[in-house]
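A quick write-up on the structure given underneath.
Just so it is clear, A, B, C and D label the chains in written order, and each chain counts residues from 1 on its own.
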Amino acid sequence: MKKVYGSASEALDGLLFDGMFIAAGGFGLCGIPELLIDAIKDAGTKDITIASNNCGVDDFGLGVLLQTKQIKKMLSSYVGENAEFMRQYLSGELELEFNPQGTLAERMRAGGCGIPGFYTKTGVGTVIAEGKESKMFNGEEFILEEGIFADLSIVKAWKADDTGNLIFRKTARNFNPPAAMCGKVCVAEVEEIVPRGSLDPDCIHLPGIYVHRLVQGAHEKRIEQRTVRTREEA
Amino acid sequence: MPWDRNQMAERAAQELEDGMYVNLGIGIPTLVANYVGDKDITLQSENGMLGMGPFPYEGEEDPDLINAGKQTITELARTSYFDSAQSFGMIRGGKIAAAILGAMEVAENGDLANWMIPGKLVKGMGGAMDLVAGVGRVIVVMDHTNKKGESKILKSCTLPLTGKGVVDRIITNLGVLDVAHKGLHVVELAPGVTRADLEAATEATLV
Amino acid sequence: MPWDRNQMAERAAQELEDGMYVNLGIGIPTLVANYVGDKDITLQSENGMLGMGPFPYEGEEDPDLINAGKQTITELARTSYFDSAQSFGMIRGGKIAAAILGAMEVAENGDLANWMIPGKLVKGMGGAMDLVAGVGRVIVVMDHTNKKGESKILKSCTLPLTGKGVVDRIITNLGVLDVAHKGLHVVELAPGVTRADLEAATEATLV
Amino acid sequence: MKKVYGSASEALDGLLFDGMFIAAGGFGLCGIPELLIDAIKDAGTKDITIASNNCGVDDFGLGVLLQTKQIKKMLSSYVGENAEFMRQYLSGELELEFNPQGTLAERMRAGGCGIPGFYTKTGVGTVIAEGKESKMFNGEEFILEEGIFADLSIVKAWKADDTGNLIFRKTARNFNPPAAMCGKVCVAEVEEIVPRGSLDPDCIHLPGIYVHRLVQGAHEKRIEQRTVRTREEA
């Protein structure tokens, strides 16, 4: 069963449709599936709902799908880096459902684990709780959050083997595993595909069972906020 | 004389005990890391890291290694990485001993507002709601009053909440207050600040 | 002539398609692995492993490497390990394409009983309830009748259920049946077994 | 903050009390906290409730706490390997709450993640659903299972660094991470403690934040069912 595809566009072939629901990995511009995002731009798929912690910046990451007005709705925790996002949102062109960051991550993991709902303290007594069921456990109030079940997951890993086992690098792991788990189909882009047996089986971050298609490519990996200390400070 | 930003951070650092895992918010809370001295503190970055190190030297920035503020950082010998579900699992599960956060408003019942101002651009709560709901102890560090001189410590919050009844301690330029039964308990005053000064600058009930 | 254990396993192996991730139960289902040929099948062991290999050579047993039946096994080039929460996450989440399991009773509505006999020693359901609730396709492989010659394929189960309406296909020594609308659909008969033989051995409704 | 203790008994000092609730890692006899179990035996703690997938065998693992009648109740998915278990259970000396294996693992993880309840399909329409709330999601019925919050977690890992970061080996990982997460305090026994910085930070299976105390020791690691193939079969 061959999982490796020649390009991001080939890896998405047959999976895209207007009005679809996509879960995307990444935090800020770190660990985002940049090649797959560009391929979705090229495909011109419309009215997409995307669950992703952020929405990129104006000209990189999911921001490029805002420029082309392919996104109908976002489920995110923070969208502060993106002027076009704010313009579309304030003009009513774009829907936005704020999710607390941990709730968003857990909703993705829950969907991938066959859990349609779970209770959390996060957001109790805030606007996030409005319209949601609540329940007392041990004298404390919790709200019901639902699992996310997406049509497609797009994620970015560091390395894969040809069976789809993935490893991530440092904080580029972030939302990628939970996002990968909650889609009917998951396409992963990686920096390097290695032969099976090359990765330590005790250190696979995401087993290949979650990964249906793979593409290898060169990544820009743009830095959003370059902060440094000078040698003198050391 | 009231505390300046660094003195507030230094005072906040006294809240931290050896062995604690701690999450520091953006702004003054970030400065707290400069004052932990030789205490064994492990900093969490909620995007998936325990053991956050300082900014990298120029030329050593790694796009795969950022903090929750999207700044480039470094790792330490104790560092571990994990995914966002695990990261917020440990936050929600009470494994983080303390979060030190900024605020727009705090109420005397511990309500906290620090994520949106209606009518202004709304950027999102990020991980703030999870942190205040989950961590063992929530410590707010902020100026006591806003730029107009109005108290940020209120009888009840006017802005949409980040969490209800979540704040344990407030450290401001004027002193240290604890959320207590029926009001705020004055723990400490900044040097030269009198109880009367504090009362004049505070809308909330002091007990 | 009805199928023997190995022939039932061989027939069950036909259910598996290239690229599938599969969980095999104890007993005849374990034998299915011998008949997958050159199909690219990955076996899950629900105690935390994908890519289960054969038993080790004598002297190469590793106490840290066992399957869900607690037997020593080996790993393959594709193998990955994970914890039990993740393992059952992928089961519950429908990532495992098929489970091939034994049964005490199957009913025509797809109910399955394979974990306890009241009044006898109860050992526990282990992962069976999770598997039948979660995997894409549940295939039961078992003898058509019990040792007394009574049908194990019933109008409704008499034993406590492992799962309600969960079975998709039944492979017995007599043939292959699918859970269908209002009864079981006969897909295939073992060589020499007639429809009348099957009806005589089956309590459930055949459609 | 020193986490490393000299012996299993020292590592448990002050943590044990009659009637307590312990979550234990391990599957069968694989990856069980054998040293800590023996130390609990020596401490003589009584009326313990234990959440553990299995209960060892008669003379090894949690089975030794059955021999000494220290266990009041088990939360398990399978207890078939243990004659003394059956004797005590059938005579009414021992309480038993069967949990489907995946439900038990998820209940531990949920407790550790601050999730007091979640919905699952597992067990719907069976005795497991009796007395539990159910709820429809998308036309399908799910039952509510509660998070496990234990007084103490006892787990076994392969290696640790001195900050408590743990790595496990092969299928000995099993229930250890979720069990470790759901206790107020977690004590881990390991085969080797290495200096911080020796473990790959991308391959830590359980971050040190979950691990309060550590002990290193020699492990018997008994094999429950030694199955082999002969060279001729190859």
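Just so it is clear, a residue touches a chain if its C-beta (ideal position, glycine included) is under 8 Å from a C-beta of that chain, and two chains touch if they have at least 3 such contacts.
What you see is a predicted model; the values in this text were computed from it and never measured.
Between B-D and C-D, more C-beta contact pairs join the chains of C-D.
The chain with its CA mean position farthest from that of subunit C is B. Note on chain placement: the centre of subunit B and the centre of subunit C lie 54 Å apart, centres being C-alpha means.
Centres computed as Cα averages put subunit A at a distance of 35 Å from subunit C.
Averaged Cα coordinates give subunit C a centre that lies 27 Å from the centre of subunit D.
Contact with two or more other chains is made by residues 106, 109, 113-115, 120-121, 168-170, 173, 201-202, 205 of subunit D. Touching two or more other chains at once are residues 75, 81-82, 88-89, 91-92, 134 of subunit B.
Pairs of chains meeting the touch criterion are A-B, A-C, A-D, B-D, C-D. Those residues of subunit B that touch subunit A in the shared complex are 45-49, 54-67, 69-73, 75, 81-85, 87-89, 91-92, 111, 121-130, 133-134, 160-165.
Residue ranges on subunit D touching subunit A, taken from their complex, read 106, 110, 113-121, 135, 137-138, 140, 142, 146, 167-170, 173, 200-203, 205.
Across the complex, subunit C is touched by residues 27-31, 53, 76-81, 86, 90, 98, 100-106, 108-109, 120-128, 158, 168-178, 205, 221-231, 234 of subunit D. Those residues of subunit B lying in contact with subunit D across their complex are 18-19, 21, 40, 42, 44, 50-51, 75, 77-82, 88-96, 134.
Per the touch definition, subunit A reaches subunit C in the complex via residues 1, 109, 111-115, 161, 163, 165, 181, 195-197, 201-202, 204, 207-210.
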